[in-house]
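Down below are the structures I want you to see.
One chain, subunit A, appears in both complexes that follow, with subunit B as partner in the first and subunit C in the second.
This part shows the complex of A and B:
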């Protein structure tokens, strides 16, 4: 009897454990290493054709140009992780850029940090509005933020009218923000990288950060697990808005002439594309802020590379679109493969 | 094979209601009428279960101490809950005592799920009183229920597929280190310790995507353990488990009980209730109709209380034996999933595919129907080869597929009952390319009648139906196509006993009408009752085949677990 009851084989636990950990790790690495490989390839090919591309001034240019996108992508990542989306970041950024930079003209000698705080406040306010409607009103975020995208744009046009903030009204210290470098690296890029690093660390290592993943991974399960879903979703929209507000101030410092077209007509979509290209699942639950930032860097690099190579802007958008498709296909492919691999292992282990 | 194990376990740690039959169960369960196993004496005349005022009426009102003076850990009294005009529960009462496993049984729609959700804090009762440890408690949400020490293991696990096993266990309560940061290493160590306590091999760092339902439940149970939950509600945990996994779960339940926890165990398998429970509550139509110690009750008593009538004995099949070959599967292989699978299903027979969860049964079925691809082999219907990975090809050839997970794969939950039923027959219901809702309605009404589906209106979303009725809708959907081959994967998972019998009758009837049926089931009694031939899979291979007459629970289990081979090798 006892011999029959004994398990059919004596599988040693350790190798399976190690194997699966390696598997999960590999998948996590793949998500970011894939995009880093694409980025490296792009830089390499472009540099071979046009060596000027990897000059330090050009690299600085790319970093500074990407910084605002990468920063806002952090906020967008927090929202997308919860299986939501914020389309309104571009109009929040535009309005914040105009109102905050406009302060220099209205209140002479206002300290630059105060201007940043004002930008942050504006962003937080709109983020809260979005968050309230999504989290408490239970309106799909796509609809809410599409509406606020246009509403805030309307407010922007109303407030700005035909006016614009001109470079001459901005203090030198403000205008210099994008140009200051430390050891050849733009200060702005370092600061943004630090913020993104902190954001990514928060998402990875703090309970409330992990809960954003949980909500996106299984909203109903999150509710049952006692996660304050509405509060977390509200917070993610608020933070996303606040970050977009800060992004507006940085935008003003970078472009200095601020009218209703600040941010451009495509900003939100580029940010969302960056996040998805960077490996954040569009339906939430997985991905990282670092990946999103690298996604933004990739799209920014492509933009400049095509410029350097003298290729039409049309291709820039087409390639961005192509990468988006690639990222989503890859994401599907990876999760299908992963599920299959894990299932296979279960079959082998007989668990 | 496991008669010794089950006999051991029946001795409850609390020993409060002395089980009369700890030794009467040495016969392995070859006879599937649990009543005969557990009936200690023939002259026993049970109290009329329809009249709950047996030895002690439990719906007393106050937190009445149990028979031996203990205070219940949890006491729900006269709870009611309505959704609009639907009275999900009318008058539900239940007392859960420490160190006791309490069975809750009842037909579909009896209100069990609603009761569970009330205990989980998901629903707030319209009226009634909830006492936890004798203290009136209001559960305003899931968090409050957890706070009160109640853990619920749901029928459909609610894990986060993108997070690791350890994170799933400790979500919201992750061990922290300095600066309130999550201590991942400690979290994984603790998770590993929990898995060890449960006697399972699972990697804490593994993502939960792709885990079997059995493993997902283990994670849910580990979660409850990690919370030191005192009241553990298991909502049909065994519905999707293989026998070995059920045994594993029962050991866990015994551990929980020994630690003084109160376990509420919901199951449609009465033999399970008799195996691990000391007390039982029966619900019918939203009311508690019986609640007492299990001691002295028979399965028949419970069934009578559940349905309010006596169920007919299982009809011995007068089935015409198999006709021509409908499905022929030869050397079907999908790398890493199943290998070299060959079998036939003939018109008029039910072939049951048995095996442990994860043995590749469902995967074979999915490959046959064309949902999954396969690497080698061939599938033919009436001699015509099906295209690989093409459900359309299978459907055209007259194959119907009722999937395991009806919520996700079998039904469009937001669509109406009639739309769901018509979904696979749209081609037939179309006039000039337009689906008229009238023909859809007639079609659905016809099938609803034939399958005795209970619903409000045909236009209600199918999500409002109970599990058993949902399953019937899936069946109707495929039967409407008049399939030559019907593949059913776990046809009665999570379905109450009366509906289960009806589904069995239906399958047998279909076979008698000449349909070839391939049924996958984890429930051995079901396999034995319905299957004309039984194929057993283990680790992706077909390891045994038994005709109905030779099949026993024992030989199927030993084939499924691999003991057959060892025995043979040993000889």
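This part shows the complex of A and C:
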């Protein structure tokens, strides 16, 4: 970490020095570098102890298991960047999983893309409801989405009742989604990576994407700068809901038996943890969709790695929690030191 | 307690005209009186749907079902008023429950076990508090991390085991009442703690300083309030109370498993917010939270007595939570809507210009 401080201490002016300084800076400015290093270290150590860990079937397993979390983390990132949070993704996912996969039983021969569209539609509808309340009502998103988490959960319980979607009612093409591979890479992972790539490009390079960062850094300032804050916040919640809806359909394809417990008890908090581990600031304004996806991948990898190493499953939650604490502590340390280093340099350069 | 503050302010500061017509405390009291009406309505609804609603046996169940959530809501109230949040409460509860089961299985004496779980709860709270105050990390992120960490410790301690050979002397807390047979042990603990927390929050300098730091941490620091120390203390108190709640839950279920209390953290936060405590800190009362607890427990219990699916009680609870956040903002909301409509009516042609990106 002291390398961040090192470049500014050296005498300025030498062109070679400027070049190396830029490189170090660039590396450290990429907030994801820390998490990538942790992930690489984790994979390396596990692979050295147990080579089976990097077998293609095991990597496929990790990628497929991470896909839904990484996808929903993209939506959650968009919301968290604007200094908001969406706790309701878990219940949106569960309801979408049941309703969309249930269509196969109710309407025989329904095309799979239609089912995905239904899942998307369900998610978009709830996302819009969240977005409307947060953006127009200007009420805290934590409270609004906690309330909608409860309400959608209740709706799910009433809709599902004592029923469940069973694997036998699902068509073979749907169930195969998590298993299809292209050149040994799961098709699902490629599709999710493409969506995350598109989302990351949008956040990085589009005006409306950049504006999400501006809103999260300083909501009042963004408003004064003429950014349509309410519209952008509404859009981010809508997209987040839509993505959670799609996540529900994928969940159904992966787990096949769908009742009210789809997604699990703490899905929303796991997704938020992935996003934060991936370097997205919980109070908005910085971070990236790629980082969030790597965060999800790291948590998923830990899960499998412990299994492979023969460590009991019962350890993985504690380690994931510890890593989250480590990630935010390191992130805080790096940002404090980086800010100090940049300040020092700007003072010295007289800029 | 709130009117006291008003009169003292009014006596020392000459209020500007119109100021006294709507002091901040009245806004707060309005939600709480509204909530009281809701609680009474739930009671009437309960009685009209089932003659059993107000019977002693049912009151016992009501207290039993929501007792632990209610107990954990009290320190959560103070933490949220101070401007922070603690999402690790249910995990501390689970860790305490797992530890209790494990040590009992190892034939430790119950008295020593109590001391150990309270110490562990305090340590868990101290870790939260120190990370938040000394490293300046956001409490939302830290306690999501410790939510995983402490639940993980519960998993490690107990693994897949279930411990259920607790002596009846302890598991009776889930069967017998205290003082009156209709008052469950956890409800009695809640009442005693609610009085203590209410007195501390509303009648002591420490309580006042909690409001001050929630309203503005910088101003509180400059006023000489030891913000970091008090916040750390609040997290430690929360850890201890959650450990106690974990013991109560274990004895009530007469079972220690690693999933005890899983997911309860959001219920605890919901109860506090339902009680009119602002998520941004600085506002809220213990009376409101007690009413929030009654509304939460009442809705669940009333539904239990009807044929309605009891698990779907989350719908009215969520609805009430939305009402709680929108009602205090209603005036500002309608004013803004009116302004937006007027602006749209005036500046219709310029709408073409705003369609960038």
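We adopt the following convention: the second predicted complex is superposed on the first by the 321 of 351 C-alpha atoms of A that agree within 3 Å, B and C clash if a C-alpha of one lies under 4 Å from a C-alpha of the other, contacts with A are read in each partner's own complex, and residues count from 1 in each chain.
As a working rule, a residue touches a chain if its C-beta (ideal position, glycine included) is under 8 Å from a C-beta of that chain, and two chains touch if they have at least 3 such contacts.
As the structure is a prediction and not an experimental result, all values here were calculated from the model.
Enquirer: Between subunit B (first) and subunit C (second), which, if any, makes contact with A:55: first, second, both or neither?
Expert: neither
Enquirer: So, A:206: does it touch subunit B (first), subunit C (second), both, or neither?
Expert: A:206: touches subunit B and subunit C.
Enquirer: By the touch definition at the top of the document, which applies to A:316: first (subunit B), second (subunit C), both, or neither?
Expert: In the superposition, A:316 contacts subunit C only.
Enquirer: Contacts for A:150 in the overlay, against subunit B (first) and subunit C (second): which applies, first, second, both or neither?
Expert: The answer is second: A:150 touches subunit C but not subunit B.
Enquirer: Looking at A:221, would you say it contacts subunit B, subunit C, both, or neither? Reply first, second, both or neither.
Expert: A:221 sits against subunit B, while subunit C stays out of touch.
Enquirer: Could you list which residues of subunit A make contact with subunit B in one structure and with subunit C in the other?
Expert: Common to the two interfaces on subunit A: residues 206-207, 228.
Enquirer: Which residues of subunit A touch subunit B in their complex?
Expert: 1, 3-5, 8, 11, 13, 16-17, 20-21, 24, 27, 205-207, 210-211, 213-214, 216-218, 220-228, 281, 285-286, 335, 338-344, 346-351
Enquirer: For subunit B, which residues are in contact with subunit A within the complex?
Expert: Per the touch definition, subunit B meets subunit A at residues 1, 4, 120, 122, 141-143, 146, 152, 154, 158-164, 167, 171-172, 174, 176, 180-182, 184, 200-203, 205-207, 209-212, 215, 336-337, 356, 358-360, 539-540, 558, 561-563, 565-567, 570.
Enquirer: In their complex, what parts of subunit C are in touch with subunit A?
Expert: Against subunit A, the touching part of subunit C is residues 87, 131, 135-138, 140-142, 144-153, 155-156, 159-160, 258, 262-263, 266, 269-270, 273, 279-280, 309, 311-315, 317-319, 321-322, 324-326, 329, 332-333, 336-337, 354, 356-357.
Enquirer: Which stretch or stretches of subunit A touch subunit C in the complex?
Expert: 85, 87, 133, 136-140, 142-144, 146-151, 153-155, 157-158, 161, 206-208, 228, 260, 265-266, 269, 272-273, 276, 282-283, 312-322, 324-325, 328-329, 332
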